[in-house]
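See the structures that follow.
There are two complexes below, and they share subunit A, which is joined by subunit B in the first and by subunit C in the second.
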Partner chain A sequence: MALRYSLRVVRYSAQNAVADFAATYTWKSWLFGWLGRMLSQVVFFTLAGRLLGSPSLHRERFVGNSVMTCVVEAMMVVASSAWERRAGTLPLLVSSPAGLFEVFFGRSLQWVVSGTATSFVALLALGPFFGVHWAPAAVPVVVVVLLVTSLGSYCFGLFLSVLVLQATQLRNIVSNVSYLAMMTFCGVQVPVGYWPAPIGWVAECIPITHGLRAMNALAAGGRADMVGQQVLEAALCGVFWVLVAAAAFRLLAERGRRDGSIEYSA
Partner chain B sequence: MTNAVETRGLRRTYALDRRAKTGRSEVVALHQLDLEVAEGSVHGLLGPNGAGKTTLCKILATVLLPTEGEVRVFGRDVRTQTRKVRRDIGIVFGGERGLYTRLTARQNLHYWCALYGLRRPAVRARTEQLLERVGLVDRADEKVEGFSRGMKQRLHLARGLAGDPRLLLLDEPTTGMDPVSARDFRSMVDELRREGKTILLTTHDMDEAETVCDVVTLIDGGRVLAAGDPRSIGALVSRHERVEFDFVGPVAETVRDLLDLPGVVGCTSVSPGRHRVETADDDATKAALSLLVDRGATALTTSRPRLEEVYLKLIGDRGMAVR
Partner chain C sequence: MRVFTASFRFQCQLLRRSPGDLSVLVTAPFFSLLFLSMADQAHRSALTPYAVVAPVFMSVWSMSLFVAGDLISRERGTGTLEGLVATPASLSVMVIGRITAAVTVSMLAFAETWLIAWLCFGIVVRVPHPLMLMATLATSALSMAGTASVLAAVFVLVRSARIFQNTLSYPVYLLSGVLVPISALPEWLRPLSKPIFLYWGAALLRDSLSPSDVSSPVGRLLAVTALGAIGFLAGRLLMHQVLRRVRVLGTLGRT
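Here is the complex of A and B:
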């Protein structure tokens, strides 16, 4: 009963998100504006990496930047959650019977879908130019890996958005710093092993680290169990962050009720 | 009958920013506030800026915790039975925020109905009913960002009713509305009262309070100053009835004769050529009226002190100063 209600809240919040998205993009503007921009970014970073690093990592770098695209989009949850505060809907949400976490979980899911699509197009359409060829059987697995990576990153982003909801002026800094950090330390540009061990341990908790390993193994025609294990680890990271985010939202509401920070006037 | 709202010794303070060197570490927004709102009534909350009205609304809406004291909504504690309280309340506040402006009016309502636990068929049915009620059916599929202030406010009211609340909290709902919209809004409030809903309305508008409220509570500095029926609350400043009249020429003799009548307690000039007689009972009022008609006084009116006068008297005419 309570679970079904929670799921309904997520579903309707997601519908709200999709309507919001549809009000921002048309098919054409998404395809030629957004997708075009993200694909150029993948090409740019891959080529820039070639100038700086060793050419042997070329393929990994392309895969890394392609997968990173869906993470960048998933991390937009940080900024879009903050819009809720600016719209003045936060107190209305708090005073409704729905849980804040369920609402926010649904509210930005459009980025997961849009991000997965962007990365998918990048990997499939640009892959051949960078020496990455996909067997037909691998294509559905690509989608699964992307979805898990993007959802996991989304959950991590949800946690960060709780911080940003308390200090909305930080919303762009937090989302930019976090994905730049992921780009640097999680194996996108250089392997994780390049960095000191403590950084590596932290990177192990971030979904993209595992998502990338899975995608690289897949691109190299690696064994299914190897891919499967990394997907599982990425999913576990996602579960970890979703639990942390749920707890953080509860604390946010409680703290706001105590200190009066849930404002409703302009 | 149970009370829709009951507060006992309610106190709420806000911590002040230490960096702002005001010398105080907290502001007291509500001070030992005792308030009862009967189920089914329209209860007005009046007070100057900073009186604590919004703070009270927020506490009842469960977005703010009381610092001390007890607060019950339909007998349920806002602190410990929060979820149940949330199912019974709806909130509407003035201004333009609180709506999803990139969505249409219909999409906004669908969403809130779902958050209040309705399932798909009921979500649709309730949405249509609400659009009808606030007169937005024709504009339901337009994006809210293009709405006028009055339309947004109607949508706000509809949104507040999404959960079919037993208690509706309206915090200055008519700010920024033109007189026609404000009048429509009041008639909607009236309709809700007839359906048995309890309404707590904060306002600065005395006419609004007088026309729609069954009971008004005047608060200032987080304390209740007075409470009562808005039409008889005038007794707080004067138990007397008034007769006002215009008089051309020397008025001294008429005034003397008026004061000789039994039950007439005073006579003052309210503006050049206009005077006011205060009377202790109906008989005295009648006698004063007939005497004034004999002497050729014009523009006679009888009245009791209005809410506005009570307000000014109790709160004081402190102009723009906010505490």
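Here is the complex of A and C:
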């Protein structure tokens, strides 16, 4: 019963996400503006790798930067969660019977869908130009890997958004720094092993590290169990972050109720 | 000139009070780390100037786009845009003053990327042509402000600047060769690079970090300046037209 109620809250909140997305983009501005920009980003970093980086990692770098686009979008949850506080609706959400976490979980799901679509187009449309071809049977698996990576990153972003709800002026900095840190340390441009071991340990807790390994294995025609294991690990990272985010939202709401720190404008 | 300096000062005060607006100074070291790690992993340290210059221009361009869009959105949001337009001071000059301030501050990205190269990779990037470096940074900053003023005029007209801001980042980095030489682009795209001042500025900045002589420095600096001046004049003209249109239609404050 409680789960059904929570899912209903997520569904209503996701409707809000769809409305938000429709107010931000038309299909033309998404296709020619946003998608064009993200495809340019993939080409930019892949060519940067060709100029500066190791030629043996050329294919991995294209795959990595294509998958990265869904993470960039998923991390927008940090900024869009902060909009609630700036709009003055956070106290109303805290005082309503619906759980704060469920509301925020549904609130920014548009980025997961849009991000998955962006990465999918990048991998399939740009792939042949960079020597990456997909067998028809691999295409549904590509979608699954992207969805798991995007959703896992979204859960990580949800946790960060709790921190940003307390300092909304930092929303863009946190969102940008988090995706750039993932791009730097999680194996997108250089292998994770290049960095000192402690950075590698942290990278193992981030969904994109495993999502990338799964996608690279898939692109190289690797065994299904190898792909499956990395997808599972990415999903486990996502579950870890969603639990941390849920606990953090509960703490935020409890503290706000107790000390009145959630005001009507920020 | 008084409007320009007052706007410049005002933007500096705004930046001091809202650290969130200085996000490019936080992201520049990451871009630098990213490019330098690629070169280091492939043992291509000779390409360090590319890895140092690109984050500077990416940061400054990103900052000018942000300020050009945000200053109009914020004035509109606080209901002060109509007041600004009604004053005798020129909105174009005010916009240029504010963008120049933001661009000047974001030039600190050069010091950041230089420090990242030194502290994280032990690479001391030498500056064999310091005068050329200073001249390139100064002319590029002014050209950046001039070009961004065109965007500010467009942002007065459109409802949401965010889509334009996002769209004009990576396509411009690609086209202007801030990191990857334009020879990597398809031949039919290359003529589009030369009218972008970033193309000339980035190449000059790279050359000022290279031990060999800088070829035709005056002509290339003039190209940066001339393209900035064209941007400024186009921005003024466009702003004039746009303001006339929104006055007639009564849509200036529309959000």
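Basically, the second predicted complex is superposed on the first by the 264 of 266 C-alpha atoms of A that agree within 3 Å, B and C clash if a C-alpha of one lies under 4 Å from a C-alpha of the other, contacts with A are read in each partner's own complex, and residues count from 1 in each chain.
Throughout what follows, a residue touches a chain if its C-beta (ideal position, glycine included) is under 8 Å from a C-beta of that chain, and two chains touch if they have at least 3 such contacts.
These numbers come from a predicted model, not from an experiment.
S.K.: Tell me which partner A:189 touches in the superposition: subunit B (first), subunit C (second), both or neither.
M.R.: In the superposition, A:189 contacts subunit C only.
S.K.: Quick one: classify A:176 as touching subunit B (first), subunit C (second), both or neither.
M.R.: After superposing on A, A:176 lies in contact with subunit C but is clear of subunit B.
S.K.: Kindly classify A:24 by the partners it touches after superposition: subunit B alone (first), subunit C alone (second), both, or neither?
M.R.: After superposing on A, A:24 lies in contact with both subunit B and subunit C.
S.K.: Is A:33 touching anything from subunit B or subunit C once the two structures are fitted on A? First, second, both or neither.
M.R.: After superposing on A, A:33 lies in contact with subunit C but is clear of subunit B.
S.K.: Is A:89 touching the first partner subunit B, the second partner subunit C, both, or neither of them?
M.R.: First partner only, subunit B.
S.K.: Check the residue A:258 against both partner chains and state whether it touches subunit B (first), subunit C (second), both, or neither.
M.R.: first
S.K.: Figure out whether A:97 sits in contact with subunit B (first) or subunit C (second), or with both, or with neither.
M.R.: The first partner, subunit B, only.
S.K.: Touching subunit B and also subunit C: which subunit A residues?
M.R.: Common interface on subunit A, subunit B vs subunit C: 24.
S.K.: What residues on subunit B touch subunit A, complex-wise?
M.R.: Against subunit A, subunit B makes touches at 14-15, 54, 58, 61-65, 83, 86-87, 89, 91, 93, 95-103, 107, 110-112, 114-117, 119, 143, 159, 163.
S.K.: List the residues on subunit A that touch subunit C in their complex, please.
M.R.: 24-25, 29, 33-34, 36-38, 40-41, 43-44, 47-55, 169-173, 176-177, 180-181, 183-184, 189-191, 194-195
S.K.: Which residues, counting only subunit C, touch subunit A once they are in their complex?
M.R.: Against subunit A, subunit C makes touches at 18-20, 23, 26-27, 30-31, 33-35, 37-39, 41-42, 44, 47, 50-51, 54, 160, 162-164, 166-167, 169-171, 173-174, 179-181, 184.
S.K.: So in the complex, which bits of subunit A are touching subunit B?
M.R.: 5, 8-9, 12-13, 15-16, 19-20, 23-24, 87-89, 91-98, 103, 256-260, 262, 264-266
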